[in-house]
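When the chains are written out, they are named A, B, C and D in that same order, and each has its own residue count from 1.
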Amino acid sequence: MDVGFIGLGRMGVGMVANLLKASHRVAVYNRTAGKDRTLVEQGATPCASVAAACRSDVVITMLADDAALETVVHGEQGLIAAMRPGTVHVCMATIGVALSERLATLHAEAGQRYVAAPVFGRPEAAAAALLFIVAAGDAEAIAACRPLFDAMGQKTFVVGDRPHMANLVKLSGNYLIASVIEALGEAMALVGKGGIDKHQYLELLTSTLFGAPVYKTYGGLIANEQFEPAGFAAPLGYKDMRLVLEASADLRVPMPLASLLRDRFLTLLAQGGEHLDWSAISALAAKDAGLKE
Amino acid sequence: MDVGFIGLGRMGVGMVANLLKASHRVAVYNRTAGKDRTLVEQGATPCASVAAACRSDVVITMLADDAALETVVHGEQGLIAAMRPGTVHVCMATIGVALSERLATLHAEAGQRYVAAPVFGRPEAAAAALLFIVAAGDAEAIAACRPLFDAMGQKTFVVGDRPHMANLVKLSGNYLIASVIEALGEAMALVGKGGIDKHQYLELLTSTLFGAPVYKTYGGLIANEQFEPAGFAAPLGYKDMRLVLEASADLRVPMPLASLLRDRFLTLLAQGGEHLDWSAISALAAKDAGLKE
Amino acid sequence: MDVGFIGLGRMGVGMVANLLKASHRVAVYNRTAGKDRTLVEQGATPCASVAAACRSDVVITMLADDAALETVVHGEQGLIAAMRPGTVHVCMATIGVALSERLATLHAEAGQRYVAAPVFGRPEAAAAALLFIVAAGDAEAIAACRPLFDAMGQKTFVVGDRPHMANLVKLSGNYLIASVIEALGEAMALVGKGGIDKHQYLELLTSTLFGAPVYKTYGGLIANEQFEPAGFAAPLGYKDMRLVLEASADLRVPMPLASLLRDRFLTLLAQGGEHLDWSAISALAAKDAGLKE
Amino acid sequence: MDVGFIGLGRMGVGMVANLLKASHRVAVYNRTAGKDRTLVEQGATPCASVAAACRSDVVITMLADDAALETVVHGEQGLIAAMRPGTVHVCMATIGVALSERLATLHAEAGQRYVAAPVFGRPEAAAAALLFIVAAGDAEAIAACRPLFDAMGQKTFVVGDRPHMANLVKLSGNYLIASVIEALGEAMALVGKGGIDKHQYLELLTSTLFGAPVYKTYGGLIANEQFEPAGFAAPLGYKDMRLVLEASADLRVPMPLASLLRDRFLTLLAQGGEHLDWSAISALAAKDAGLKE
């Protein structure tokens, strides 16, 4: 297939590489120049503008946040103006539910199609085509994108026919991960102050009831207090908690644990943790307990 | 080995049955008469008093809460008075850290030994000898009990040389389970109100990052809103959150998520949920969101 | 002075009446027609458009929320386009800190002046010229408005030279009021369930350490469980908690109590409390305690 | 009247002095010797034992906490054993609801009477006979103590016929004070980081809706960040939050704001704040916001 791909960050480069490996033709664009070099060597076509990347059947966006996406969507050179009728915009970034709803309307008014397909997985998973893809939108449009999803991920879940449903599921998933980080942070502060070895404790947890990747991955980071380099930086975690709370406000679902997480991230950022992995909020429980400065 | 076993509740009967199967001689006592009938048929020796069950090398207690344990420990017929010097009291119930510390002192003063060995696992796991046992105390005493642990559980973790460390680990584990229940409750209220199918959502979670028994077991109960009959009743969950908070107070470790859980359990009990499974706190998020009365 | 006044809600009508009493000439505009009738009888000049109300030296806006204000600010007939250079926009409504900062920039670019002057006081206080006015902005512009403030309020506090500082103070004040409502709600649920008479309890509080209007006013509403008619409706209280949290996010100040309040308002709205006074969040503690359905 | 007075701490000395001024005969006892010297000069009779102080018609206790009270109540020389039938024990300290209920039972069984009469007021108020006294218990017993209350306080509130009701009211009052401290701490962190002068802010609050002693007293301490010397030390504030939460647990009234306060106090103590005034929890919001180390 002919694919346009906008956003060549740490996730995007791996995803494009896998599309190329699966013999798709990919026109790539990134705001900052030079990010496309390696991909062009692998066969991607460089684009000088957003509009140039919009001449394909499917345009995938993978940008850092809502604001970045909005800059490529609107305007004379933006997706809405540049995409041909009937073509599909697949937004794979973690954006807000409200923006996703607005995009659905805008694309429909322009005779275009829109699919939300955010992913679970860190950059290594993107590079290894091991992403989990959560898709929602028009069934036919999703079917059309299926070969692309298969090239980038290990499994695709279709969760609804309105695109924003995928964003809601994705955001709630990040909320669940953050809740594991907080819970482990408090638990390890407790048992650690009580003299228990944290690594042995984690081993016990993950070999019994808590034997899931989320406990192994984050439990290890927390036990080691290893928050640099950031696999997923604190400001992004904070952004997602804000998006979760915005969705909870719009749907009128009080979420006290999400509120607690929001305040934890805000504390981390206020105290200079911008550069740390989002799992660093776990250290705040230890700090409150007087275990570190 | 000769074993005394006090406390024949839903957990205790399965544990004794497995001790008998492994050819240990078990003298059993329960406050309420008649609970020992089936076990006696299987070979257990019935005892008319606590003291009678204390004539063995090892006395295991498996009682509902701190208060119940204290009634069999003290007094003329209690464990402290009745156990012979050098014999071992193994407390396998989920009791408080502070009580466990007091028991260690009392037994030491009486020339007896004390091991804390609380378990993870519901009654079915107890019946199937699939418990996870968390032990702490004197290494030699634990070694002496090892054949018994092997008969009752699938794995034993030794977490420290002071008995109360095992209680701390066990309580923190129950806290982690409760935090999963709360997190899932809020997440399912959110996505459910957003139109997502809860079972499909759970399938997505458990086949990706959250593929652990705790998510499968409790996720299923929450998605089905099936809180009766109670596998582990709400008052017991509440009791454990209180014990966690007591330990957090004594160790001076603030735990805001544990405080949230405590208030959730209190709400559940205040609103008539005494008979429900502890996972019923998950329904409070849905209730707050106006999803049910 | 010649004054334009936009927004004739329950607060606005009282404020305009007091300006007229003090012999100011007031040109009034309201989106919904007919609200100006009584005021016109008292001497106000009706305007057919926002622009018509912008021909004065000072234009006061008193609209329900950020969105309503934005609709009169922008566009060909809006304040920015219609106000003459050097004239002053005084926003007396409770708007967000971020919007206030944007308005400051927009008015400055248009050669106009901008003062934020939100008020404390319910409609009765507005009618009685007993408002407390919190003003911030250019000192000269505030001085120019002083006769107007004196006509509408009992006291004006100048809290800074950047307009948004007044909004921050006003929002924090509403947060403090809401925190009193929550604290009293929990306390009255506790003592009420313990058999104490709530009115006597309130009498005790307000005749000792808590003898302030906020405890008397809200304490009475809470003890009487009298939440209708709404003096200040729940959706407005919720809006303000959101604006407080937005300010706290922008300034990076974690506010766990504000988060708790936000979730309380969200619960109230999710459960059908849109029409109630914002003090109705106090009843949620009683509900959680099983005291009412 | 003949009065026994046990507990000559900072509160007790002022209270006894006022009883003496009102011509009552006071037999005093304190565990630590020497505290009674000044009072003896003023006319008090020193006692060598608790029992010696129990020979009066009324025995007042004013001890630091539940544990201290229990040591003088029980035992051969304790109140229960030493008080004559029909005499009254008036506990004026802030003790737990559950202990107060137990004392009521014990005294009744011993044919004695028991009144709970905790006070609001710091040591200066005790010295100036300006305490507010909250009394509960048998009406006749309270009437008998009335002359004593009049000598020590400016006003007495009778809140119920069961003694523990007074303790519940007193504890809920301390909870309300702590909630003011927390709310002001968060608000001042917010407006302070936003560039507002904190003293001017406090002046605005206390001259408008928040003109009560509790805002003036604690607002001043918070704005000045003056937490030493402690008028009411952090460990005592923490103790009271625990007693509030125990009462909330026994009555099944979830109190999320009280839980937040409990965690704040725990954080303060874990970080070395034992010697500070309880209002120092207000500084934690500033710390979370990165305003101080």
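In the analysis below, contacts are C-beta pairs under 8 Å (C-beta built on N, C-alpha and C of every residue); 3 or more make two chains touch, one makes a residue touch a chain.
Computed from a predicted structure; not experimentally measured.
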item: Shared interface partners, meaning chains that touch subunit A and subunit B; value: C, D
item: Pair joined by the larger number of C-beta contacts - B-D, B-C; value: B-D
item: Rotation in the CA alignment of subunit C with subunit D, degrees, nearest 5; value: 180
item: Whole-Å separation of chain centres (CA-atom averages), subunit B against subunit D; value: 39
item: Subunit B-subunit C separation of Cα centroids, rounded to whole Å; value: 53
item: Subunit A, residues touching no fewer than two other chains; value: 248, 252-256, 260, 263, 266-267, 270, 288-290
item: Contacting residues of subunit A [partner subunit B, same complex]; value: 97, 120, 132, 134, 155, 157, 159-160, 162, 165, 168-169, 172-173, 175-177, 179-180, 182-184, 186-187, 189-191, 193-197, 200-201, 204-205, 207-215, 244, 247-248, 251-258, 260, 285, 288-290
item: Touching residues on subunit D, where the partner in the complex is subunit A; value: 256, 263, 266-267, 270-272, 288-290, 293
item: Residue numbers on subunit A that touch subunit C, as the complex places them; value: 242, 248-249, 252-256, 259-260, 262-264, 266-267, 269-270
